[in-house]
Every structure is written in C-alpha cells, then in structure tokens.
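Here it is: the structure, laid out below.
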C-alpha cells in the first residue's frame, strides 16, 4: 500500500509543473493566441527561481522571481505578435530558442548545486491519517496552489463577465473590437499571465521536483503542456486529466524499469511522447467537439488600430 | 421644430477621396428617415461618423441641442445611438444571452438583463430562445440579436445598414412593423438602403447622397422609383437588355443532386434539379446562406464525390471530374470571393491568370512556366476588358473591386467557354463595372454560351436572366420564366 | 496612439534590408551582453565573426558546419512557404543519421563506391517517412502538425540512443555507447585536403540551385505560393491541400534525413547518442533569415555556421560560455520578426481629438 501511495505522490509531483504551464496556456489560447514559447518560459522560470532561491535562501523569493522573469519574456512575445503583428508560430519558436539559450547562459555557474528541500505543507493531524494523509495532505503548497488555479480558471471562464469577454475575444476578435473591447490589451494580459504560470511550472521543477539546476531540464515539458491544452479541448477541469495522465506515464515508466521489467529504458521514455501523439489524433478526430470549444481566432492575426 | 439630431456640414476625406462633402441632416422624434445612395456614395462614412467610429475633418453634430462629438462607439451608445450593421458583430460559439451580455458595457446583472429582455421580447414581438448558440441561428434571427442589443440600451436613434439584404420577404414584413412600432414610441430610425421599393413603403423622409454630397431631401412616398433612382445615380436606371433567343439544346442537366454537408452547422443540398440551355442565362436566386456556395462547389468540381444524383454536361456525367478536368471540357467558374478564392490579393495579375489555367499546357514549356505566354495572355485580358491597373505585374489587391472583378470575369470569358458558372458576379462592384460585366455575359450568351448566375440581387437576375429558380435551405424551386415570375412566387419560395 | 497601416507597395530592397537590420541589432545586443559578462566586446566580436574567415581551417569548418543547416533549411522553406509548419526537422535529421549510419555499419567491412549512395538513399527515405507521420495525421485527422512533429523528435532521439546503447554498439569498443567507426567506404570524400570540408557542401550548393528553379519557374513553386496564401484558392486552382502537405513533409523530411547522413558520414564518422545538437531548430532561423529563398538560405546558413564556430573559438580563447551562441540565434530571430513588421506596415499616428 505504501508503494501505491508513493507512486501516487510521485505522479502528483511530476504532473504539477504540467498543470501550471497548461492552465496558463489555456487562457492564452482562449483569448485567441497560440504561444509556442511555453518551453522557453518554463526554463526561464526554472533558472530564475533556482538562482534567486540559492542566493537569498528563500523559496518564496525564488517563486516570485520565476513569475516575474517569465512574465517579462512573455511580454516580448506579446509586443511582437499583438503590436508588431508578427507570425505567432515563428515568434513562439524564437521565444523558446531564446529562453533555452538565455537560461543556459545564466545558469552556467549553478550547475550541480543543490538546494534545501522545499517544505511540505504539514497539516499535522490530517497528514498523519493513514493512506488519505499520504494521498491528499502531504504535498507542498504549490501543488495545492495549482489545484486552486485550475478551479479558479474554471469559475473565471464560466461565471464572470471578464471570462466571457476573454472567450469572446478568442471567438471573434473583429466583433469584440467593434463592441469596444480592447483585443490587444486582453491578449497581452493573457500572454503575460500564461508566462507567469509557465514560469511557476518551471520553478516547481527546479525547486521541488529535482531541486537542482540542470541545463535544458524542462526536457520538452513545455511542448507537452501545449498538447495537454488540446487534449483538454480547452476545458480547464480536463487539464487535470491530461496532466496527470502524462505525469503518470512518466512515473509509472520509471517504476516498471525499477521492477526490472526487461524493456530498454529509452523505449519506456518514449511512452509519454507517443501517447501524446495518440491522444492528439483521437481528439482531432472528433471535429465537431473541437469546433465548439476551440477558440475560432487561434493563430489568426488581429489587424486593427490599438 | 425640435430636432433630436442635427448634423451640420460634415466633411470627411480619405487620402484624396472626399467621402462626405458638407453633409447636413436634421432628424426629429419618431422619424423614419432613409439614407439613399449607391455603393460609394458616402452613406457608410456618414453613419460611421454618427456612431463614433470615424471622426469628421470638419462640421458638427448636435443631440437635443447639445454638441455631440463621440470619441468611439461606446460614447455613441451612451448618448442613445444604436446601430445594426450589415455584417454582424456576434460570437458564433456563444449563446444569444451571452452575446447580449457582451454588448452591455455597464455592470448590469445577468438577472436584470433577462428581465429587461423578456420585457423587450413582449413589447416588440421579438421572440428568440436566449440559450441557443448563435451559430445555429438563421441570418434573420441573428439580426434580431443585434436589434435586441440595441434595444437594451434604450436608444433614441437606431441606425440600420442594409438590414433586408439577409431577410426573406416574410421577415422583411415583420421588421417593418417592428420599426413602425418603435417610431410610434418616438425612436428615430435612420435606414440605409438602396432598395427603392422598400424605402417607399417604410420611410417618412429620405436624404439622397451621390458622390459624397446631399443631392436631394424628399418624401419618398411622393416620388416614383425612377425619379428616386435618377437622383441616386444621375440617370435612368432601368437599362433593359434584350435577351437573345436560346437554342433548345441542354448544355447542363443537374438531376436530383444530394450533398450532405459534413460541417456542424452547414447547409446540405437536397434533390437539386435544373437544366440550362445553349445560349441561356439561368439565374439562381436566394439570400446568402441557403446553399449557394455548396451548389457552386458541386458545379465547379471542388466537391466531386457526389454519389446521389448526377450532373450531366452535354449529356456526359461529370460527377467525379475535378475542377481542372471540367475546365478542360470548356467549363469556367467564377466564385464570389475575389480576394482569397477566385483570385489572390498578394499575387500579381499574371500569377492570378495562372490560377485557373494550370490544366492548359500552352502555359508551360518543359514543366516550367512559360512567362512570355503568360504575360501576353495577362495583357490580353487587361486590354480587352478595360482593367485599370499599372501593368500585368500589379498585385491583385491594388485593383479596385470593380476592376478586379472585370479581370476575373475576363480571365474566364477569354477562354471561350461552353458554360460559365458564376456567383454574385457584381457584388460590391461600382455600377459602371457592373454594367460592363453584364454586357460581357450577355454578349457571350448571344454567341451560344450557357451561363448560370447565382445571385442575391433580384434586380440583376430579372434584368439578364431568361429563367430563374430559387434556392432556399438547400432546396431548389421549380424553374420560372423571368417574364412570368411574380413577387409572390419569390416570397413563397424563399419562405420554404 | 499608433496604428499600423499596410503599405501599398512593399519595398523590393527590404528583402535584404530586413535581415541586415536584424543582424545589426543582434550584434549590438551581444555587444552589450559581452560587456555585462566582463569580456572585451570588440575582441569577442572579432573572434566570433571575423577570425574564422581568416584561415583556411576556419573556412573549411564553415563549410562543414553550414552544410547541414543549409540543406535542412531548404526543405523547411518549402513547407513554410506553403503554410505547413514542420518543427520536427531535428527528429527527421536524427532518423536520417541513424538509418544511413546503420546501413554503413550493416555492410562492414565490405567496401565499394555504392555504399555511400545507398546509405544516402536509405536516410532520405527514412527521413521522408518520419516526416510523413505528422503529414498523414494532419491530412487524415486534422491533427496539429507542430505538436506531432515535435513529439516525434523526442522519440527519434531516444531511438538513436537505444540503438547506440544496444544493437549498434561497437563490439570492440569497451562498452562505450558508440558505434564502430565507419570504414573507408562509409566516409564522405574530402574536398579540401587537410581539412574536414567534404563534398556534402557541393551537394548543398547543388540543392540550392535546384530549389531556386523549383520555386521560381516550376509549377510546384506556384502551388506552394498559392497554398501559403489561401487553401480555398488552392482547391480552386485544382490542387488538393493534402497533396501539398504530403509533399512539404516529404521534402523537409528527406532533406533533413540527408543532412543527417551527411553529418555522420562526414565530420562525425560514427553513430553516437549526441548526434542531434539542434541543427533542426537552428535551421528554422536560417530559413527565416534567408527569407525562405534558396540563395538567402545559403548566405544565412553560412552566417549561422559562423556563430557556431566563432562561439567555440570564443569559449576557448575568452572563456565565453557556449550558450552565447544560442542566445544570439534566438535574439536574431526576434529582431528579424520585428524588422519584418516595419517593412510590411508603416506606423502612423491617429489624431485622437476632434477638430473644432
């Protein structure tokens, strides 16, 4: 039983960065923008939080640093795509390449250093409960924060007028503009928010999951986050499902190797990526469900006065 | 006399074109006022100024004697001016209620909006299921949503831009009675249109614009259609054409075509049946969105997997032929969208010639494009069809709508086709170019070419077609002789 | 307040002014970055951009490094023009390297002039097939080709690793994760004696010429242009957009695969897990910097190769971190995209106030 609890905990920890990055990107895409720079923003978050935490000794400062740093480079993407009308795919790629390069540069002298462990939320009575304690109450506060953010996003989109305006912007930016809504501002805000979330996800990697800085430590998670948004068909609560499935596969694959099942390690490592492809195909096959939920304006450039 | 809206000497230019020249207008409470004019006369510009989208270069406006200078549409709305555009500002994937909420900038609660809406629905007989997704609504229903948006703001003035272009006769009647009710309550209606019959029926007064200036203020009920037209265009409109005799040979037979549209909210075609004779101009009338684009694609071969029913060209079944195979058989096609379908804006004119000639080996030498031949052909089209442009290397987007359409039509006519299938051939085209295009088509018909015209413009079809059928909800009516078809027939068919 | 207005006529000279602006701005950016890192900026710029050009060895390395970049970018440009986003070139490159290398290893120690051409054929095919996966999925199921091609990159890299750690490991190699060194018939002939510069470069040049003709004079180039503008118009012209998708990925994948086998039979000379070093992504920058034209790509490939070589030299001589190269490349793409906006649009000020 303890093993299963441990596996469950491992899955949650592996999935949380994906949840954070994906829920941020969901908002960005709902507003009508495709930001392929998630990988770049995540790694900047990872390196920024690591360096600041190491230098100041405070995890909180590190997290704030991650949010600010990723938010800032997201602004570059925002200005280029919304105000200079650049091609979103190319700009997103540029963001990823730049982010990866910059992170490697900044993180040069921090390789191999380890940090003190990230505190778990010790809710004494609750976390001591048999099984349930381990399953639900023994995580760090970022895990609970990620859950909160997802629910908040769900309520935001479903119940608030601001959420409705965001969805409208992604549905038809010309109509939104003629109704007097500032499409560019809304999208820029979403982009910065998405950056902050991705940064938070990256911070989780370098502060909690592997409390170390390793070059390119995001290892494609940013791209998987993008896939999770499609998998969830842009519905916030389904981000959980997607993230936990991918996190799950990563963890289970490690355990299978540990048991000694004789499948070559690399093939097991391929699993998350192959499953992502299969899931994407399955989702895209249902054209009509896609049509109703996919933001109509995704990737279309909005040309108008500010 | 208390005028609610006073407009004085409004002038607006775009680069060197004067869109509005010293326009003055006075509207009193409850007036239904028509703004008449051809495409490009300046109606949209004036109305955009009133609604705060554009700012005039000079002149002023007054609302209830107070200076009115809206910075943007939000401001105009706050002053009690509402507008229903020709192209709706709706969000297709959201519900009617959500769309209405989005139209409100103030922080009025959802419950309050629903209450107000049921009041409006009751008072004006405007019923609509608030929870329906907008994409599932018909054009007429979508217009109702736009109107409800306006009414939620308690407007003093409502501007409508060509509102009946998307309505069938039944819906037009309902709209008119609704507008009259509003006017009785003191709301001013500013009604933009070029449909003279409707203006005569609905409006108390009219301002006629031509080339950016006011040429006449009048009571449309008193003047005849021809008189109104003369002011609008500056000459008698009814250019009646003499249609030539058609030969009794069927060039095309469409028999019981069924097309199931895979799109979620798309129109399917059901048992479409008609034939076209040699030298005949056959019109397919109908309001946009009733299956015209689907029919066009089925005829052109862009959809070529129809299993139910057959399309016969000179007796041969062509269902499975793709578009270039059909072109090889001397059929040509002119879809309605000239920036993105029949032509591409970012490509030059000669590249656009190549677009529909890829099947013609004359344009190629050893697999490479024969640029000399291509340039010659392009110049031929430009000269013969009077296309105003710099040269054959000009980008298609640099041409005016009328010139580009002449180019596109000319490109196809030059092939001496057996049949021309075109969709909205004169939409958005200035009247001079429209007449020229009609003349080209008539001349071709005279020489034996069969022509199918799919169009929303009943006047156009009445003018140049031998026979007409009406498409409604994917079904085609029986074929009528143009001379015999009445407004009732059309109304009945469109309501089906 | 500003607004961007589309310019009526695009300045013809902008086609090379834009890359020049972007390069200039990026150089300025790294200039300041060097200062921040405490290094002499002028010296650093000299070592990175000028010094390699001053020796035969430098030029030969330039030839070696630019070859794969140019070849991959040529393939990418075809797809990008058509609006098809192949982000998986790195994976197709890897699969090409793997399959071509495996072919050479399979025939060890047999020698013959046919071995290289055979391995080329195999890698082009393998790369093309790997590229066809996202193509088929997009055509049949409308699956996003960006994500699929990316996921496949990771799969390809893992596959290479599995092979080199496993069946392709050098039996006489003390259990290191690398394959046998390729025997003579599996090595590309060198064109500059005493250097690593091999005939792969001539192949790249040849491809530049072919692509140029294909895109400007051949009907295929026309289709690509139309496809990139409007899928409706493409259908209207008689071409199916699926065909263009397949063709784009075939060409991208095949060329990337070729670049892969050129690298392993050229400078690398064997199969190792570290073969993929990001050429598939850098080639994207090369393609944009070269404005998606063959000749532009050739020049851009040379420039970016220079940054790799210069970057390594700067690391050795000045202790500048290698990551500078990656930063420069990323910044270059940013400035390129920004500069692009200014050629297509002009900024004008809107008058916010009413005239009285």
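Chains: A, B and C, in written order; residue numbering restarts at 1 for each.
Assume a residue touches a chain if its C-beta (ideal position, glycine included) is under 8 Å from a C-beta of that chain, and two chains touch if they have at least 3 such contacts.
Remember, it's a predicted structure, so these values are computed and weren't measured experimentally.
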Chain pair showing more contacts of the two, A-B and A-C: A-C
Greatest separation from subunit A - chain, by CA centre: B
Between subunit B and subunit C, centroid-to-centroid distance (C-alpha), Å: 47
Distance between chain centroids, defined by C-alpha means - subunit A, subunit B (Å): 46
Centre-to-centre distance between subunit C and subunit A (centres being mean Cα positions), rounded to whole Å: 28
Shared interface positions of subunit A, touching two or more other chains: 287
Sites on subunit B touched by subunit C in the complex: 55-58, 69, 71, 300, 302, 322-324, 327, 333, 335, 337, 340-347, 351, 354-356, 358-359, 364, 367-369, 398
Residue ranges of subunit B touching subunit A (in the complex, touch as defined): 72-74, 85, 88-94, 98, 101-103, 105, 107, 133, 262, 264
Subunit C-facing residues of subunit A, complex: 36, 76, 80, 83-87, 89-91, 93-95, 97-102, 104-105, 108, 220, 223, 226-227, 230, 264-267, 269-270, 273-274, 276-277, 280-281, 284-285, 287, 303-306
Residue ranges of subunit C in contact with subunit B within the complex: 8-9, 213, 217-219, 222, 225-226, 229-230, 232-233, 235-239, 351-352, 354-355
Of all residues in subunit C, those that touch subunit A in their complex: 1-4, 6, 85, 87, 137, 141-144, 146-148, 150-152, 154-155, 158-159, 161-162, 165-166, 281, 284-285, 288, 321-331, 333-334, 337-338, 340-342, 344-345, 350
